[in-house]
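Presented sequentially are two complexes of chain A, the first with chain B as partner and the second with chain C.
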Partner chain A sequence: MSAEDTVKVDAIVVGGGPGGLAAALTMAQGGLEVILVERGEYAGSKNVGGLFYGTILNQLIPDAFKQAPIERTVSKRSITYLGDGTHMSLTFGADAWSQPPYNNTYVVHRAQFDRWLASQVEEAGATLLEGMVVDGLIYEGEGAGRKAVGVQLRGDEAFYADVIVLADGANCLVSEKVREELAMPGGKIKQEYAVGVKEIISLPKETIEARFNLKDNEGVAYDFLGVPFEGLIGGGFIYTAKDSIHLGSVARIESLVESGFTPSGLNDRFKQHPAVSRLIDGGELLEYSGHMLPEGGYDAIGSLTANGVMIVGDAAGLLNMSLYKEGTNHAMESGMYAGQAAVAAKEKKDYSRSGLALYEEKLAEGIALKDVKKYKDLPDILTSAPELLSLYPKKINQLMVDYFTVNAEPKAVTQKAAMKNFMKDMSKIKLLRNAFKARKLM
Partner chain B sequence: MGKILELTVEDKLYTTKYETDSRSHIKVNGDLCRTCSSKPCLRFCSGDVYKINPSEPDQVTVNYENCLECGTCRHGCPFNAIDWQYPDGAMGVKYRYG
Partner chain C sequence: MSYNCIVIVREVWDTRDLTGSVLADNGSIKDSMLTRFEPEDMNALEMALRIKDEHGGKVTAFSVGTPKQVDVLRECLYRGVDEVVRVDAGASSLGTQAAAQLLADAIGKAGQYDLICVGVTVADGESSMLGTHVAGKLGIEQVSYVDAIEEIGEGRVVGKRGIEMGYEYIEAPLPALLSVGVALVEDDPRTPRSAKAMLKLKAKKAEIPSADVDASAVTSPVSIAGREAVPERAVESKDVAAEDETALKSMLDDVLKGE
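After this line comes the complex of A and B, so read on.
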């Protein structure tokens, strides 16, 4: 091939999820010539999500929430413990959450949302190359000077660029390979993964609004733990879309294997709990999906920059798996910083690891990495103190049910029995120790 | 309670859209499977891809056309016996909602 036929641009982004799209948008806005390669037929076709935090989105595209395909805005959240025939919830909300920008918390169908975001990125001047698989990178040089100079498209030619942003998500075959090939230092621990499955269940809009007590475009984000997830590091969720409900379960892979449940079977247990089943009664399944989540946290994050390469989003391990469950917004933040670093690198004409150092500097000053760091002990805590997700909420739920059991006994007798039942099997020392650990969960 | 609670994983997968490729993007190393008695792949897969081979019970069959491309098998197989690659461009699972 002659030199004129070779495709060479400023930047290539691998992956059309929120991280890659934010990077491509930032670079296109910064005047770079950008190609984004997505292996799915369209951006979003391989992606699964639901709860979407939009602070970075609304920063990159002013008032994006007014035009993005948002299903509902989250006005109410809850945490529910599901017991054996019992349940206990803490539900909360604020009037302000029903006012723009709706607490930056939205329910989206990611296959549709990501596709919309990709169209915005295209409008900003980036070229989308959909339905193409990147099998790996192309390099020049040896040793510490080895640098990435292009991407190899499967069954096709290679495209060349000064900088490559890897945004290949949780199941990141390209990033894994590049880490090895460029000897990028890994994190303190190996990345750990959870698997999630989700059912999108259709119900009439009015039914959803009546069942969840919602007005107009208000929606809920409900989290669940308890008996269906006993022995697992995991939980369930329900998010309301316009005329459908996202209902899913997530569990750490090793804990799932030990439990003997399949991901689909686990979601059935959750779905069939009486406190849950009534919320979806009469619904019809529209789509079943599965996806992986990197849950190793801060300690699993390795170096994210190499000569000609930056890694963003889930591929970088930037997921906050606490109750916030923030992944997409972090992906967008990291993508934005990577984009800014690429723009600065072009000005200096230095795309080496040190030329791209701005990416990790910005990441360190930003919100995503600070949040992931705040919860760095979470994977450990959940493993070492399983009581926090099972025994304690179960005990509190039982206490509430016992306390409010109305029968022929005087209240004093009922309450005494309730307290006695509560303290049974509870080690006070362990309780104290776990209470100390639990602070880090919040 | 209605039908939504009684769906099998096959019923569920029927709602998922795919562009099915003629060749598999997943290969298992049967020699390693033979040594594996616990076969966690029968359980951890979100798409019910791995099933016992009825004619060779120490082997698994790969229903790659069900694959949701989550990648769990790449981390869950204790023997690294599963070689999983991205399907070709635009092939495989195609979420409409996601």
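After this line comes the complex of A and C, so read on.
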């Protein structure tokens, strides 16, 4: 191949999810020549989530929420415990959440939203190559000086770049290989994964608005735990889109294996709970998808920078698996920082690990890593105190149901019986210990 | 000897994974419907590119109308087509005959050519006649349902067509139009090539030239007069215990009676 046939640009991004797109956008805005390679038919075709936090998006593209294809803005959230024929919810919201910028919390169809974001990235000057798979990176040098200089496309060309941003998602085969090849230190623990399935269920707009008590573009994000997920580290969710509902469940893979549930079987169980089934009654299944989530938390995050390489988003393990379930926003934040580091590296003409150090410095100062760090004990707590997700909410739910049971007994008798039932099988010491642990869940 | 080939390519509705309702309240097809590169046009493109690979020459792709989601002309460039021409369809949607007239006008202005390849069936209109009409308007020979080119040379082309119990070979003088059939399938060694990274990189932002034809001068004698959705059938689900034979039988009876 002659020299003029060799493609060499400033930066190549591997993966067209929110992390990769944010990195490409930041670098293109910073004047870098950028190629983004996405293996799906279009950017976002491999993505599943539906709840989108837009703080970084609105920073990267001013007032993005006004132009982006947003289905509904989230004005109401709830956490529901599903018992055996019982249920208990905590629902909350704020009037301000129905006003711009809508608490930066949106329900989106990823197929549409990610494509819109990709179009913004192209407009900023980056070139997106969809439908192409990166097999691995190309290196120069040996030992500590070994650096990544390009990507090898499957059955096709090699493209070269000064810096490569790996945004290949939860199931990050390229990043894993690169970590080994560049001897990048891993995290304290091995990454742990959850698997989620999601259905998009069509329902008339009016039905959704009546069923969830919504006005105009308002929407809900409901979280569920309890009986359908008994014995599992997992839960379910419902988000309302314009004329469809996103319903899904997520559970830690090992806990699924132990319990013998399949991800789809678990989702069916969740859907069949009477408190859930009535929310989707009469709906028609439009789309069914599955995805992995990195849930190892802070301790599973390894080094994210090497010579000529930065790792962002889910591939970096930057997912907050607490009740916030924040992944896309973190991916975008890390992508943005990686992009900024690449722009700075170009100015210094230093793409070595130390030349790209700005990325991890910014990450340490930002929200994503701090949040993931805050919840770093979560994986441990959920494993060591399964009562937190099952026994306690079940007990409280039973207490409420017993307390408000209307019968021929005097209230004092009902209440006493309710309390007695509540304390049955409850170890007070364990309760105290777990209450102490539980503070870290919030 | 080298050949100048022309391919006609179309963007069509993607009907592979249809769910939910296709029509919007006003009777038009919903914006959310996806589109794709007409797969038989893709086979026609591959046929033309292979002639170029083997004999040299040039491949030019033509398409009518502005792209919705998939820019088929750009996709042609990604696969190695030399030139592309967009034919403006004007404001209204065109019938097959009007589209054929526009294409014939544009092709007539594009210079000498030896072969035109186009897919035979199209997923939206199912008229299967675009190639036939284009050939008629250009006054050249045409062969339908060609699955492969057996040979080309000495002013003629021999096409291979799958028929019941075997194949037949049809010879036509050049220039000719071939409507390409369905025989090129996924696991077929002749499967259409995928986009090439280098070509994609070069053509991603390339300007697509438009043909100098007047869409307003073309009227369509045939057009879609209206659309009607199949009424949705209300299905009431019933729970029947698996061990209850009488209930199962009665449910089966209901199904057979169409209730």
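The rule is short, and it goes like this: the second predicted complex is superposed on the first by the 442 of 442 C-alpha atoms of A that agree within 3 Å, B and C clash if a C-alpha of one lies under 4 Å from a C-alpha of the other, contacts with A are read in each partner's own complex, and residues count from 1 in each chain.
The rule we apply is simple: contacts are C-beta pairs under 8 Å (C-beta built on N, C-alpha and C of every residue); 3 or more make two chains touch, one makes a residue touch a chain.
These numbers were taken from a predicted model, which means no experiment stands behind them.
Upon superposition of the two complexes on chain A, no clash is found between chain B and chain C, which fit side by side.
Look at A:D114: by the touch rule set out above, it reaches chain B but stays clear of chain C.
Contact comparison for chain A: of chain B and chain C, B touches the greater number of residues. Applying the stated contact rule after C-alpha superposition, one finds that A:E157 touches chain C and leaves chain B untouched. In the superposition on chain A, contact of A:I35 is made with chain C only, not with chain B. Once chain A of one complex is fitted onto chain A of the other, the partner contacts of A:V7 are limited to chain C, with no touch recorded for chain B. Of the two partner chains placed around the shared chain by superposition, chain C is the only one that A:T127 touches, whereas chain B remains out of contact.
After overlaying the two complexes on the shared chain, residue contacts for A:L285 are found with chain B and with chain C alike.
Contacts of A:G235 after superposition: neither chain B nor chain C is touched. Between chain B and chain C the least C-alpha distance in the superposed model amounts to 5 Å. Residues 112, 131-132, 284-287 of chain A touch chain B in one complex and chain C in the other. Those residues of chain A lying in contact with chain B across their complex are 39-41, 44-49, 109-112, 114, 130-133, 154-155, 170-171, 173, 193, 195-197, 199-201, 244, 253-254, 256-257, 260-265, 268, 271-272, 277, 280-292.
Looking at the complex, you find that chain C touches chain A at residues 19-20, 32, 194-198, 200-201, 204-205. Those residues of chain B that touch chain A in the shared complex are 1-5, 7, 9, 11-13, 15-17, 19, 40, 43-48, 68-72, 74-76, 85-90, 92-98.
Contact residues on chain A toward chain C in their complex (touch as defined above): 5, 7, 35, 112, 127-129, 131-132, 153, 156-157, 159, 202, 284-287.
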